[in-house]
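To keep things clear, I will list the structure first and then write my remarks on it.
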Amino acid sequence: MSQILEQIATGIIGGDIQGVEKLVQKALDEGQEAETILQNGLIVGMAEVGKRFKAAQMFIPEVLRAAKSMHGGQELLRPLLAGDKAGRAGKIVIGTVQGDLHDIGKNLVGMLCEGAGFEVVDLGFDAPPDKFTEAIKTHQPDIVAMSALLTTTMRAMGYTLKAIEEAGLRDKVKVMVGGAPVDAEFAERIGADGYGHNAVSGAEVARNLIEAG
Amino acid sequence: MRANYRVNSGVRFEVLSKDQLQEMFDGVLHVMDKIGLDVHHDRAREILAGAGARVEGKRVQIPPHVVKRSLATAPRSFTIYARDGNPAHDIHIGPGRSHFGPGPTPPNFIDIETLERRPYVRDDARIVATVCDALPNIDFCESLGTISDVHTDLAASYEFATMFPKTSKPIVAWSYGWDDSNDIHQIAVAEAGGQEAFEKRPNYVHYCEPLSPLVSTFEAVDKVIFAAEHGVPVIFTTCALAGGTAPVTPAGIIIQTTAESFMGLVLSQTIRPGLPFFMGGVLSVMDMSAMILTYGAPELSLMMAGATELAHYCGIPLWQTGGCTDSKCLDEQASLEGSLSVFFSALSGGDLCHDVGYTESGMTGSILQTVMMDEAIGYSRRICRGIEVNEETLAVDVIQDVGPDGHYLYHDHTMRHFKTEFWYPNLCDRRNFEEWDADGQKPMRDRVVERTREIAATHEPSPVRPETEKAIAEIMEAAEERVKDKS
Amino acid sequence: MMVNRHNYDVNATPTFRVLSEDQIEAIYYASLRVLYETGVRVYDSEGVDVAQSGGAIVEDTTEKSSLVKVPHYMVDKARATVPSKVVVIGPDRKHRMELYKNQIYYGGGSDTPYTIDPYTGERRRSTYNDVKNCARIAQALPNYDFHMSLGITQDTAVGTYDRWQYLAMLEGTSKPINITAVDIEGVRDQLEMAYIRVGGKEEWRKGPIFTLYIEPVSPLSHSQEVIQKLLFCCDNHIPFVYTPCPLAGATAPTTLAGLLVQALAESLFGIVLSQLRNPGAQIIIGGLMSNMDMLSTIYSYGSPEMALLSAAYTDITKWLRVPEYETAGCSDAKLFDEQAAMEGAINIATSGLIGGNMIHDVGYLDSGLTSCPELMVASDEMIDMVKRILQGIPVTPEAMALDVMEQVGPGGHFMEHDHTYERFKTEIWRPKLIDRQNWENWNMAGGKRYGERVHDRVVEILEAETEPLLDDAMYQELRRVCELADARHKDEELDVKMFV
């Protein structure tokens, strides 16, 4: 691996947002392929971050910084990348469902998904079902992700799924759910495609849903 | 710009008011002057008489001015040094700082492989020292047992000879009498590079235990004399039971044990003014059903806190007690009793808190308990550190920056502080249910056993000097020679 | 003659504090600045109007919400009328809480989705029967002073679970209860149930039997539901707990002092609004304050920072003279084990020492997601131990016992002395489930861990025959309120059964 790609990976691990952007630009100026920079620089760095976080050697604020630097670098490369997704893992519409104002978990999942290469459209909190259906029509995401902290608002996940079905959009997206009182069994009962038991697994589930097609 | 701003550095905890402490101190002086103590040591009585005590038979009464003179020469602040010069292992005794370590002499030990209770053997001293050396919140070392597989008279000598090379944290040494005290001292002096060097940088503390009520035994006093003559910081501590060997009331037991300790104080300060001295005790209640000295009672925490305040009022450090339990196994009781006493010990700022790792009311040493309590000490220390209040920590501009409905996850302020503001556990599991479930649903005791075995197997303490290795071998050889004809 | 002492300070109990008065004031004035300059977001037009008519600056109004900025004098005015004491009395008119400075009461936490099955030890969704069982355990434990559900009734309708949950608790306990409510209608229904239980509105006025739990969202956000509940409580003489749950590093500053500043701004807004609506309205502030664990991203209920923040906030509320809602007896462990014992022991001790008034969440595991009957029972014993320590060290001639020492003399013993005989039952704390036998006796008795003994005690409580607290007529009347609510809201339920 060339020295500059190594530096990019190191920059990602260190959460050096501006540094990574500069290095990516420098690598492009040096004539490196965008795809190479992505695969052998950014993604290598982010994979190491994931590994270190799992081993309790990195903390979540550092992971989020790394995710942000990853995202910055990727945005620079995007116009140069081939393929319809232009180097993106996919697109996610994410929101905390109607009636629920707790969005810290949703924010975490969103940031980690960005770090995993997703384009993230954030609907904020207290998002009613039609906000989700509108967003699906407008943004044509691969995945819709819903979050709730209360058992009462978990019902709104059901309402939203129903609204997506009724709008004829259910086969266009994968749906994943999460939040403290949510579990895999509930996700299955309401007919969601995936469930993340915490923020990190949320990003992993999103990737798996894309890979499964 | 603020003026007249007074902050709490750490939390503030207080059991007794200044007036109450004065009254209790006067009570101690009364006991020493009017009741007196029995001292079973001819030479000690001579020394004390020379210092101004009234001696009649074995009974020694010490007038208040003599006690106060000794308090005036005993230091409040001093340092016990790591043998290898590692400053992280030095112990700085002084106001507001508590330190923790195991205790001496239980007959049994919990084997860290079989988890069975069995007699304490020599190799256990190696394990205890190695694990204590590695634990982040254990500051000094004691053996947690009496070695059963060597000549009885040499149990203490072998204990020290085995532990000393395996930890550079200061050891609190226990011994039977003059001879084995001397073995121990020669080992410490060998590493320090001679008696003079040792006196500049003492690397261990000597432990002496008189009897309650109000008896200074020959051995205890003999060891104080040894320590004073050789410049070894000394602990003079009784183990009193409220309702058994001391009054059932907390004020009464504190006054009595302080008087018992003060006999050692006066003796040591008379021989060597300025010698670092620790007042002591294990103060607890007698359980009136089980007829034991309880190591897990809430009264232990309360009485030890009161004794700590009295010692500090008098201007000397205290030998505290905590992290111990009446439980017979590594269980929730062991955890809750140990955690409570560790917490109160930390709150009261007792200078050296021992018995971290005592189980079964002091009958069984368990390094597993020590490892579990290392976590409780870290936890307690985080609370005791308190809350820093200044412009940076008040973070008004940060709150303004984030605003209602925002979040702090990306903020520079978060990056600056999250590692130091928050305590990170070693044994407490904070994963969510799914991850804990996938990892086998382990209770904390399983993690304690794993961590203990891992440290014992992998930790490498800094070695003693090669000369010391050789000295230890010679000292122990001579010791064996000394006792070979004794049964 | 021994004359009486004067000019003499007595610590009748141990004293403990986290913040100096100067530090409290630094935090308080920083909060005032946040309230005035940053402001709070309010999602309820009625609440915005109340604040504005009281002098608040209203800005940045959107379809749903406004930014409300509160000048300092409004806080001063509100502090003049906010009660320094709140009283809640259980329906039996015996169990009572007098919430004011340095009074301590312990109780459960509410609305955990899961519970540990008292028989199998398995974690599962909580049901009506679990909530009732936890209430029965709370009723049996002497150191439990008030109750919260310790489970959500998830085998009843989801949108009206709160009424069923209240019924389940009323079946199990006659201690004061801190209820939760889905919405304003849920409060109204539960108030009706309380009137039925206590014998009418007038009887309620003499001593409310519940408080309402209201939780604004951090940072600085007050939803419509929250404001509506607050206003309803002010209008109907319902004492309420106004408790944000700020999370250091995520929804609040990472520095603990910064979290306290923000939490206090959130609480003060509740005080201001309540006193504008009805001077003298009974508000209890405080809450759950902790840090995000930066490795697992959980809301830590067992961290030392949680205990420390709760204690520091109690220092602030004592200075403010407003009753405090403290937190203790909770853990991040996933079962009742050594971790739960460690975290619970230390946070129970901290909350007791500081004198936080309504100390809740006793029995919480897994970062507030699971209730645990075993932790309830163990906490009862830990609270008992802490209460022994809180008795302090009396220093009197009798306690100093100098004459007794003289009589016993060096080398004697105190076991037979009158001084011991007369006092050993009161001076020496007696354990319930803690074991102090020697190894042989303990081993012969089966060698049980503490956790096993606690488990046995849980089962013993649940299987004990007790008199029903509600007679059949009253039960039917209460049940009818729940059923009517279900009927009104049946269309809002999902087609699928959500939980159990």
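Think of it as A, B and C in the order they're written, each chain with its own count starting at 1.
Convention: a residue touches a chain if its C-beta (ideal position, glycine included) is under 8 Å from a C-beta of that chain, and two chains touch if they have at least 3 such contacts.
Remember, predicted model here, so these are calculated numbers, not experimental data.
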Work out per-chain C-alpha centres and flag the one nearest the whole-protein C-alpha centre. C
Out of A-B and B-C, which chain pair has the most contact pairs? B-C
Round to the nearest whole Å and give the separation of the Cα centres of subunit B and subunit C. 36
Any idea how many Å lie between the Cα centroids of subunit A and subunit B? 52
Which subunit C residues reach two or more other chains? 217, 221, 249-251, 294-296, 298, 367, 369
Which residues of subunit A are in contact with two or more other chains? 59-61, 104, 108, 198
Touching at least two other chains at once: which residues of subunit B meet that condition? 405, 407, 409, 414, 418, 432-433, 435
Under the definition above, what is the set of subunit A residues touching subunit B in their complex? 59-62, 64-65, 68, 103-104, 107-108, 111, 125, 197-198, 201
The subunit B residues in contact with subunit A across the complex are 405, 407, 409-410, 414-415, 418-419, 432-435
Complex contact set, residues of subunit C against subunit A: 43, 64, 111, 113, 152, 154, 158-159, 161, 182, 217, 221, 223, 247, 249-251, 292, 294-298, 367-369, 492-499
The residues of subunit A that touch subunit C in their complex are 53, 56, 59-61, 101-102, 104, 108, 126, 151-152, 154-155, 158-159, 180-181, 186, 189-190, 198-200
